[in-house]
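A, B and C label the chains in the order they appear, each numbered from 1.
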Amino acid sequence: MSLVTIQHLTKIYSNHVSVRAIDDVSLALERGAFAALAGPSGSGKTTLLNLVGGLDRPDRGTIVIGDAEITAMPAGALADFRLAHVGFIFQAFNLFPVLTVLENLEFVPALQGRPAADRRRRARELLAAVDLAEVGDKRPNELSGGQQQRVAVVRAILTEPEVVLADEPTANLDTANGARLLDLMERLNRERGVTFLFSTHDPQVMARARRLIRLRDGRVEGDEQRTPAGEPARP
Amino acid sequence: MKLGITAAAGLLLAAALRVAAAPPDALAIARRSDEALKGKTQHARVSMTVRTPDWERTLDMESWYANPDRMFIRITAPAKEAGTATLRIGQNMWNYLPQVERVIKIPPSLMLQPWMGSDFSNDDLVKESSLVTDYTHAIEGEETMGGDRCYRLVATPKPDAPVVWGKLVLWIRVSDDLPRKEEYYGENGDLRKVLTFDDIGPAGHRPYPMRWTMRSIAKPGHETVLVFHAIEFDRPIPDRIFTQQNLKRVF
Amino acid sequence: MLFLTMAWRNVWRNRRRSALTVSVIALSLTFNILMRGIGDGFHEQMVDNSVRANIGHLQVHRKGYHDDPGLNRTLPDPARVARAIRALPALRGYSLRVLGDGLASTDENSAGIAIVGIDPAQERTVTTISHAVTEGTYLGDDAPRPVLIGERLAATLKARLGDKIVLLVQAADGSMGAQLFHVSGIFRSGAPDLDRGVAYIRRQDAQDLFALGDRVTEAVVLLDASAAVPAAQAALRAALPVEGAGACEVLSWNQVEPFLEQFIVLDDAFFYIIVAILFIVISIGILNTILMSVFERVREFGVMMALGTRPRQVVRLVVLEAAVLAAVGIAVGGTLGSLLTIYFAENGIDLSSFAAGAASIGITTTMVYSRLTVANVVLSNLAVFLLVVLVALYPAVHAARLRPVDAIRHV
C-alpha cells in the first residue's frame, strides 16, 4: 500500500499568463521510499513538493497521505497534520537563529506538546547519533552550512513523521558536505524507515535516490525504481 | 413697584384721547395707565401685609412720590421697624435703620432682593418708569377682568433695556386706563409674579385701586398686600422730603 | 515556555530599536503615573481645602434645607444631633452654626453677604478659619458683638479693625433685623467666596440678629479622613430621623458642594484626553517597531508555519514579543513614575505661575503635592500593557496570515 497517493493533480499559476506548474500528475509513493523529484528549473518539482506538504493548494486533483486527504483540509487542520505527519527540510535558512541547536530541535515536539524532559533527551540522543553532540548549545550561525543542514534533517525526523519532504537540501552545500548529508538521510531511511521525498537538480542526489521521478513542464516525464547503488531496481 | 403713586394727565384729557384713538394705540395706553397710577405727586398712608407659610406681618408706612423718580417711604409701625425709611432718587437707593442709626446705600447687586421682606424687590421701587420707556407694547385683544372690560397689553423689553423680565402682560381697564392685573414673566417664559389691583374707589377726584396684591408663583404661599388708607394726588411736595437728612429725622 | 524564550530573544535581536521602544513605553508610563499622581494630590488638596475652609466632611440640616435654605428650616433638636455626632468613631470635630443672608454696610459701601454664627472654640475643631486671621483676633476680644470678615469684604466696605459695620437681615419672624458689629478680625483664607462674601459672628449674636432664639441651622462635621465619610454618613442617618416632622438630612461634602466634584470629573476628563492623545502617538511608534520586526522575519514565520505552527500560535508569539517590550517598559516606567510621584509628594511642585487661575477654583496654595495611589500604579501599568498588546495584534495577525509557501521564498 502506498503512503502518498496523488491523483490528477493540477496547479495553475496565473500572474500575467496562466502557467500549469503541475499538469494532471498522478503518482504513488510507497512507505519507506527514498525518492527524488528531478527536472530543470520551472519543471514543477518544488511546487509538487509544496502541494504534498500541504503548504500550497492544488487547483484540481487529490493528495492522500496515509488515510487522510489533505487537499480537503481547512488551514488549521492542515497545520496540525503537518505537525504530526510531515517533516520539512529547506534549501537554506532552515533554523531559527534566536534558538540554540537543541532548542531548534525541540521546536516541533514542543508544538506537539511533548514533555520538556522527553524532547530534550531525544534531541540530545539524535544529535549525538549524527555526531553533533557538541554543538547542542550553539546558535545556528555558529555552525557550518553542512552542520546546519544536518541539524535540519534531525529536526525533520525527530518526531518520526510519515514522510520527510526536502526541497533542494544540498543546493547550498559543497560536494563533500552534500555527500555527508545524503549519507545521513540514507542511514535514517535504512535504519529507521523514514520516507524521503526530495526535489533536486543535484546529480549526487539523483544518483543516490532509489526512485527518480523526472518532471518537465509540470508533467511526469519518467519514473524509475533503482537499487541503492545506483543500479536500476529489480522489476 | 407702583407703590402709592399717581398723578393723572387729567380725566378730561384722558377721555378726550380715548375718543380720538379709535384703534387702540398700545404705547399711548401704557403711558396713560402709568400716569393713572402715579400722577405728578402722591402722598399716601399704606399698610403692607406680607404673608408666608411661616409667618404673617403687617407694616404701616407713609410714602411720598414725585414724578418722575423720587420716592420716600417711612415705616411707622410696628415698633421694631418704626422709623426705618427708604429714599430713592433716580437709580440710587438708601435705607435708614433706626436700630443702628445708620443709612445704608443699597448696592446694585442687591436690587433684586426683597424690599423689607416683601414680594416687591428693591428693583420694583427703582425701575418705576420702565414700563413706558423700556418696553415695546402690543394690544392683544380685550378681556373681561373683575367685571371690567380690559385691554390685554403685552410689554416686551427693548433689546438693550436693563430689564430683568422676559415679558409683562397687563390688563388695563378700557374705561379709565387703570391696571387691573400685571403678570411678570421670567426670561425663560415662566410666570413669576402676579400683581392684581382691586377695590377701585374714589381717591380725591379720581378712581384708584386701593388694594394691591403681589403673589409669588415661585414661592407658593408668599404674597404681599398693599392697602391704601389715604392717598392724595398732585399736591406740591417740598424737596426736603427727598433728602438723606429726612431719612434720619426722628418723627 | 519555548515561545517565551523565542519572544525574549527576538526582542533583543535589534537592541537599539527595542531599547527605543522600551524607552517610549517607559516614558509614557512615567508621565501617566506622575500626572495622575499630581492630579490625585491636587484634587485631594482641593477637597481638603474646601472641607477645612468651610463645608466640613458632613453637614446635618433639617430635611429640605440644602435645596431651599431658609431660617424657617432650622436644625431639629440640635442637642440630639450633637449627641449623634459625638458618637461617631472617626470624629475630629463638629460645629453648630447659624447661617443666613444679609447686608453688610459701612458709611462707605454695602455688600450682600453670608453671615455665619459660630461658637469660636467649637468652629476651631472643624475649619481652619481661625488660622486664616491676618489682623486682630478670632472673635476673641471682649468687645460686644465682634465680627470677623475676609480681607476682600473689608476692602469693599473700606472697613478696618475696630470699625463698625451694620448687618441687616430679614429675621426668622419676617422682621428686619439690624445690628451694629465691631470688626475684631480680618482673615485671608485664599478662597474668594469666603474672603469676599462671609462674615463670622458669635452664634449667640447671630441668633439674636436673626430672631432665632436658641435654634441653629446646621451642624458641620469634620472626620479623620474623607474615606470615613460614607460610614459616618450612614451612621448619622441611622441615628437621626430622616422622615416625618423633625426629619434631618445628612449630606457629604460632595453633595454640599457638587461643583467641586464636577470640577474633578472635568479635570480628570481633560487628563484622560491628554493621555489618549499620548497613547495614540506612542501606539503609532510601537506599531511601527513591531511591524518592522515582523517584516524582517517573514521567512522565519514561513518555516514555523510549515513545521506546523498554527496561525493562532504565530499571533501569540508576536503578541508575546510586544508583551515583553511592554513588561520591560513597565518595569522601568512604573518604577520611575512611582519614584517621581513619591518625590513630588514629599517636596511638592510650585504652581505659582498658575496661581491666578487656581485661586478662582478654590485653590488656596500654590504648592501641589502629588499622591501615589495603588489604583494609579495598577491602572496605568495595565493601560500601557493592554495598549501595547492591542497595538501588536495588527502585525501579529498580519504575520499569521502569511502563506507559508510564499513566506519561505520571501527574500
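Throughout what follows, a residue touches a chain if its C-beta (ideal position, glycine included) is under 8 Å from a C-beta of that chain, and two chains touch if they have at least 3 such contacts.
The shown structure was predicted, so the numbers you read here are calculated from the model rather than taken from an experiment.
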Chain whose mean Cα position lies farthest from chain B: A
Nearest-to-centre chain - CA centroid comparison: C
Chain centre separation (chain B, chain C; CA means) in Å: 50
Separation of chain A from chain C, taking each centre as the mean of its C-alpha atoms, in whole Å: 68
Chain centre separation in whole Å, for chain B relative to chain A (CA means): 109
Chain C residues touching chain B - in the complex, by the definition given at the top: 72, 103, 105, 107, 109-112, 166, 168, 170, 172-180
Chain C residues touching chain A - in the complex, by the definition given at the top: 1-2, 5-6, 9-10, 13, 299-300, 303-313, 403-405, 408
In the complex, chain B residues that touch chain C: 50, 52-57, 78, 80-81, 84, 95, 97, 99-100, 102-107, 109-110, 113-114, 116-117
Chain A to chain C touching residues, read off their complex: 50, 53, 55-56, 75-76, 79-84, 86, 88, 90, 93-94, 96-99, 103, 106-108, 110-112, 116, 155
